[in-house]
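Going by the order they are written in, the chains are A, B, C, D, E and F; count residues from 1 in each one.
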Amino acid sequence: MDVNILKKVIKRFLQEDIGSGDLTSEATIIQDQSGTAEFIAKGSFMVCGIETVAPLVFTTQNPIIEITHACKDKTQASPGDELLVAKGPVLDLLKAERVALNLVQRLCGIATFTALFVEKVKPLPVRILDTRKTTPGLRMLEKYAVRVGGGYNHRFNLADGVLIKDNHIQACGTIKKAVTRMREKVPHTMKIEVEASSLDQVRECIACSVDIIMLDNMEPGMMREAVKFADGKALLEASGGINLDNVKEVAETGVDFISIGALTHSAPACDISMRLKSA
Amino acid sequence: MDVNILKKVIKRFLQEDIGSGDLTSEATIIQDQSGTAEFIAKGSFMVCGIETVAPLVFTTQNPIIEITHACKDKTQASPGDELLVAKGPVLDLLKAERVALNLVQRLCGIATFTALFVEKVKPLPVRILDTRKTTPGLRMLEKYAVRVGGGYNHRFNLADGVLIKDNHIQACGTIKKAVTRMREKVPHTMKIEVEASSLDQVRECIACSVDIIMLDNMEPGMMREAVKFADGKALLEASGGINLDNVKEVAETGVDFISIGALTHSAPACDISMRLKSA
Amino acid sequence: MDVNILKKVIKRFLQEDIGSGDLTSEATIIQDQSGTAEFIAKGSFMVCGIETVAPLVFTTQNPIIEITHACKDKTQASPGDELLVAKGPVLDLLKAERVALNLVQRLCGIATFTALFVEKVKPLPVRILDTRKTTPGLRMLEKYAVRVGGGYNHRFNLADGVLIKDNHIQACGTIKKAVTRMREKVPHTMKIEVEASSLDQVRECIACSVDIIMLDNMEPGMMREAVKFADGKALLEASGGINLDNVKEVAETGVDFISIGALTHSAPACDISMRLKSA
Amino acid sequence: MDVNILKKVIKRFLQEDIGSGDLTSEATIIQDQSGTAEFIAKGSFMVCGIETVAPLVFTTQNPIIEITHACKDKTQASPGDELLVAKGPVLDLLKAERVALNLVQRLCGIATFTALFVEKVKPLPVRILDTRKTTPGLRMLEKYAVRVGGGYNHRFNLADGVLIKDNHIQACGTIKKAVTRMREKVPHTMKIEVEASSLDQVRECIACSVDIIMLDNMEPGMMREAVKFADGKALLEASGGINLDNVKEVAETGVDFISIGALTHSAPACDISMRLKSA
Amino acid sequence: MDVNILKKVIKRFLQEDIGSGDLTSEATIIQDQSGTAEFIAKGSFMVCGIETVAPLVFTTQNPIIEITHACKDKTQASPGDELLVAKGPVLDLLKAERVALNLVQRLCGIATFTALFVEKVKPLPVRILDTRKTTPGLRMLEKYAVRVGGGYNHRFNLADGVLIKDNHIQACGTIKKAVTRMREKVPHTMKIEVEASSLDQVRECIACSVDIIMLDNMEPGMMREAVKFADGKALLEASGGINLDNVKEVAETGVDFISIGALTHSAPACDISMRLKSA
Amino acid sequence: MDVNILKKVIKRFLQEDIGSGDLTSEATIIQDQSGTAEFIAKGSFMVCGIETVAPLVFTTQNPIIEITHACKDKTQASPGDELLVAKGPVLDLLKAERVALNLVQRLCGIATFTALFVEKVKPLPVRILDTRKTTPGLRMLEKYAVRVGGGYNHRFNLADGVLIKDNHIQACGTIKKAVTRMREKVPHTMKIEVEASSLDQVRECIACSVDIIMLDNMEPGMMREAVKFADGKALLEASGGINLDNVKEVAETGVDFISIGALTHSAPACDISMRLKSA
């Protein structure tokens, strides 16, 4: 996660929330008043963004703001925990409050939700992956939260990973033709992943020496057969309809990866509030 | 919702997902191939963004794409319903797919979730409101989804509404002083809203002829007393900890508005998929 | 007025004036030479932007520049007064000079012009308001200058205030229909203002419990009747063709607000010059 | 004036005025309603921006809007004249109205004001010039208006013209040293202009074969001597304190150019209104 | 190569070259004059950008311009060949000319230079690769030119490929530790490439099951040993100091890839000129 | 060269190269590790950008980075020379490396190549000029490099210089008409340059009192005649097909300027590498 790219995005978020100015605070708060803002956990969750993102929101709003305490990402928070302390002009603490909270509540939510999946599949040698089903504009941050939660990232965007899906296969005629065309063009640094929804397709993939096979919406039974058939010749990624109830069963089929869109599109937000004390 | 502002945002979302290009599709799909993409509902939900947002994602990616069918926002979708049909270059249909889906799944989710709250409080004369607890970067869209769901918008940002909270009151000493300062500065087009967490504060607000009082985290009993006390002299907004289970009880207290952060930060995404047919 | 938003705008203004570089200064001034620039008033006027905007122009050009003196906005300047002192690299003082002067001369002009109107209506309980007739790109700054001059701001843009004009009324059929549609949609934090050009329309507005009525281009006599009729049931705003000669008469009709486009589109610029001394 | 650059600027202006949407119009105007907007002159003035800028504001807001009539820039308008007719969605006509009017009222004002100066000095072979004292963000447009009014442009910014002022002379020690350094660096396509405030400095400039001498705040008598002394060896530009009352006297001294900051910073805005008819 | 991203970049290039307008053409060319511009080859080279980039420069400047002929990229041009024909407003053809030519001359140069390397190594099963040594701001275009010339792309940026260099190895202590840390974090879609400058390091890489080994500045002899040792267990990429004279010898060592920074940083530009005919 | 404009461009270059983050370094380098990076010359060349551009790349990536040594631009480098030393977080040194090197290798190349031409024409009183044949996006930097190499800049863009070419002449009918139209419009600060490809055209230019004549693709013999004919009445600029072999002969014809597109489009890049030491 690059700080410069993050700053640019945060500036836009602040502008969205502040508009042409904070009418209420500018009218009621004295210009030079400084104070202390504290983030307090209102529930139990895995911390994410408190160490890295929230401080940047505050210092982007005003570089004078000092972060005197910030919980490390990946630590566990309990209700009442003081997660972050920021000192500086009250006006700027209030202007940055909502953006900072809206971001970290979501990031803590994703990290916490991811950690639940990771916990379920322990100690199996399988990785929990995210997808491109992220909130538009927040992909970099949400994929960071998945890593904090113990998950791994699938490709970041269409340009840094190859995934041949049914539409591509259909357009080329066969998996073989699609893979051949792909091999002709893809940078040598990238593996080729192909989506398969039947064992026949798994076989075809193996025949083409595909690097990774995405098992699309398969039943655990079929996945087990795919694992047996692949026998280490390709990495296997389970995908589609996986939740906290069935993730363990999927993991036990022997697949190498499990990708779950819900990590980013359906993680419940965590509750954090900001408390202000005058200096 | 202004189309020009929306387009600018969508361009950024497309760039986030496409990066320097779609490696897979550019290698496997023939440049000039055109086809038809269909959005299919995978569950029951209220449609939002299909009429207004998804078409703009496709035409922003390539103005040649034609939308030949799009469900009106606010209609009810059932599993298997064809929500949208887009015709054009397959390459661009695939490039726009993920952004379009990520947006509408979220927007349908918010509209559907809002409609549940709206339904619960019928036929009471109370409005369900959103808050500023929206996803950074998506506020305009998410507030649109709340309206589609039958809810109403609270202020859009810090510049277009006045809300005097405990921090402002504390900084000024008393509610009276805060309101007086506010009156000195606020445009005459805006009402003044003040947060109150006790009946004493409600009384103080009424004494200052405040336009709206936000009843912050009050028990229904206390709200009822506030309603009685206010007696039409100020509008009352209930806020804090309201969910589908208790929203009716809150509504029955007689408050005018109920604001619910969860509408935008915790609405579960709806499931929609895109199916491609060659032309 | 948010500093971050202001900075972004100032960067564009500097780029407009500097282009690919200052040919003359870069050729004739030694790179590391530092000096002192002084802003001197060449007339009598109300100071605006000297405390808040000019320093930001200089420090945006080069954060090393130090502002060692700056007159408070709202103070009265006389010819020869030293308004501001900036120390730093001569090259950057010269590059920022024109943008800083162009801005503050205009802002001082607006504040001074506004103050003339405010003075004229004293001690009547009426507020002088600006309009949206501001210079494109400078609205935030110009509305700030109006406040410095003792005036008040009307809505900032089309999104943070409701003003139903003749075109809207015509489109809906009657004022009543327009107000009803508006009430169905507008956030509860906003008052509803309607433009009326006859006493009949004023009556219709009152009947609809409109919050504010804009009396459009009415004669003082008609305004007085409107005031009598409204009798406190709605706020009244006089608008159209008001100048320094007739503003007092308008104020004496008893309206609550007088909005004047000329505050921002026709305030004469004040004269300020920059003097440079080598350090 | 390049259309692409202009469009980019207009987009920002529209966004400033529209914000997150036009609350009033979106609530009261039916989505698909189309109509006709007319710009009507409310006074006598020289037209500027009606042919070139206003149409671009409307089509930038919505490319569907059709301009069926637009007065040529540089024609003379009388009260009641129909300056422009635009047809399209009423919603977009209303959203673009204020930005279009704010721009053209200012541009007409500058063209009209410039034409007054040009008229005064006829038929003398002298050119009326603008300066860099333009409104930040509007330089390209305001310099266009000066040309429409019959004036000429001085340099656009610090990068496309050389003007050695007292500060540069002081930094170098003498005019000669400043000019020598300048000659060492300046592109061969540019003339060298030097500011002189005494006849001694004029002589020094001539001795250095300067291309243009700016006579800074000189009395007409001294200008006449400068003209005699220069005798065609350099172009002479009068500058400082020139207004409609004294411009003719200045022109008669025989200078080649007269530059006037007031053209852009103090031209009174012209009055134009928009009238809407439903289609 | 995504058209939308390309357009955005081209807009900036046009603005750099046009500035506030084309003084010469706007003064000498009649506004509505239309004409035909032809690109003529002044030498022999491989065409690149004529089909894809130049048309976009013209239509970005003015969408009215029609491209009636454009050579396909990858075809061979001879002196005098008509490469492209564009019809439209002469003013816009002239404004777009320099940017279009500056781009395609460079792209043709890179494609032509790349093709020379590709030719040299035929028919060996080795791929010619580019590097990140591209012109800042032009990477997407330059990497496209390499592909047109028959070469292949290495990673696009630091985010879409893994390359462990000496600095990373040194920071971790050993190749093994670096690779282990990397495996812990890298998306499963990416191969791991490690730089080796000795046979010992090659061995260490193989021991760690690295996917690709970059043989950094090795003599052909050493490369041959590396190939022998690797024996298909890893892909091998030769890098450093490779030119048209030695590329064949390097290819004959049996490496899989040869990466050459000179493809993009030292390809001589091709000569193309634009000829204008009035319509 | 304005630092603010440069910074904005550098941010884009860094984003192009870093994408969503540096996968390799973020995985293998410890977050807080700091170190020292050195730029080492791998050949003999004139330094350009080391003093001015490279430091800005590093501090734009992270303002904490300290530049403890940087060779002055215009000094001569020999193989092994330490050109620059930067201290700070290793992660940021690595992230900024490629952009910094890609820029300075190109800038050193241009300065060095320009200096070769300048050397060839010594001690003749002729200036070597660049053209607009620069790399799109890098014009400001490349024109700086030409100046460092001892050359001079032709106009920066179409807005800050007048050059009437054959297309303009053809559109107007005669040189005289083109010049007359131009004089009617051009700011008085600019000289008028006309392209001539025959002695007849040179005569026509002189007859029109053109300031500069560009001798387009003339043989040295014809240039000599042009010089004789012009006899100081106009400045002469030789252009077209000039290289290191014939530049001296061209210079000896007596022209005032020689413009060479190859300075910027064909200067070979210089070789510089970065070496990292842990602190």
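Assume a residue touches a chain if its C-beta (ideal position, glycine included) is under 8 Å from a C-beta of that chain, and two chains touch if they have at least 3 such contacts.
Bear in mind the structure is a predicted one, so any value in this text is a computation, not a measurement.
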item	value
Set of chains whose contacts include both chain E and chain C	A, B, D, F
Listed pair (C-D, A-E or D-E) duplicating the B-E contact set, over half by residue number	D-E
Furthest chain, CA centroid comparison against chain E	C
Copy pair chain C, chain D: interface residue numbering same or different (half cut)	same
Whole-Å gap between the CA centroids of chain B and chain D	45
Where chain A and chain D are represented by their mean Cα positions, the distance between them in whole Å	52
Chain centre separation (chain B, chain C; CA means) in Å	32
Chain E: positions in contact with at least two other chains	18-22, 26, 95, 139, 156-157, 159-163, 185, 190
Chain F - residues contacting chain A, complex	11, 14-15, 18-22, 26, 60-62, 95
Partner chain A, residues of chain C touching it in the complex	1-5, 139-140, 156-157, 160
Interfacial residue positions of chain E with respect to chain F in the complex	9, 12-13, 16-30, 33, 90, 94-95, 98-99, 101-103, 105-106, 132-139, 156-165, 167-168, 170-172, 178, 181-182, 184-186, 190, 265-266, 268-269, 276, 278
Interfacial residue positions of chain B with respect to chain C in the complex	127, 129, 147, 152-156, 159-163, 185, 187-191, 193, 212, 235, 237, 256-257
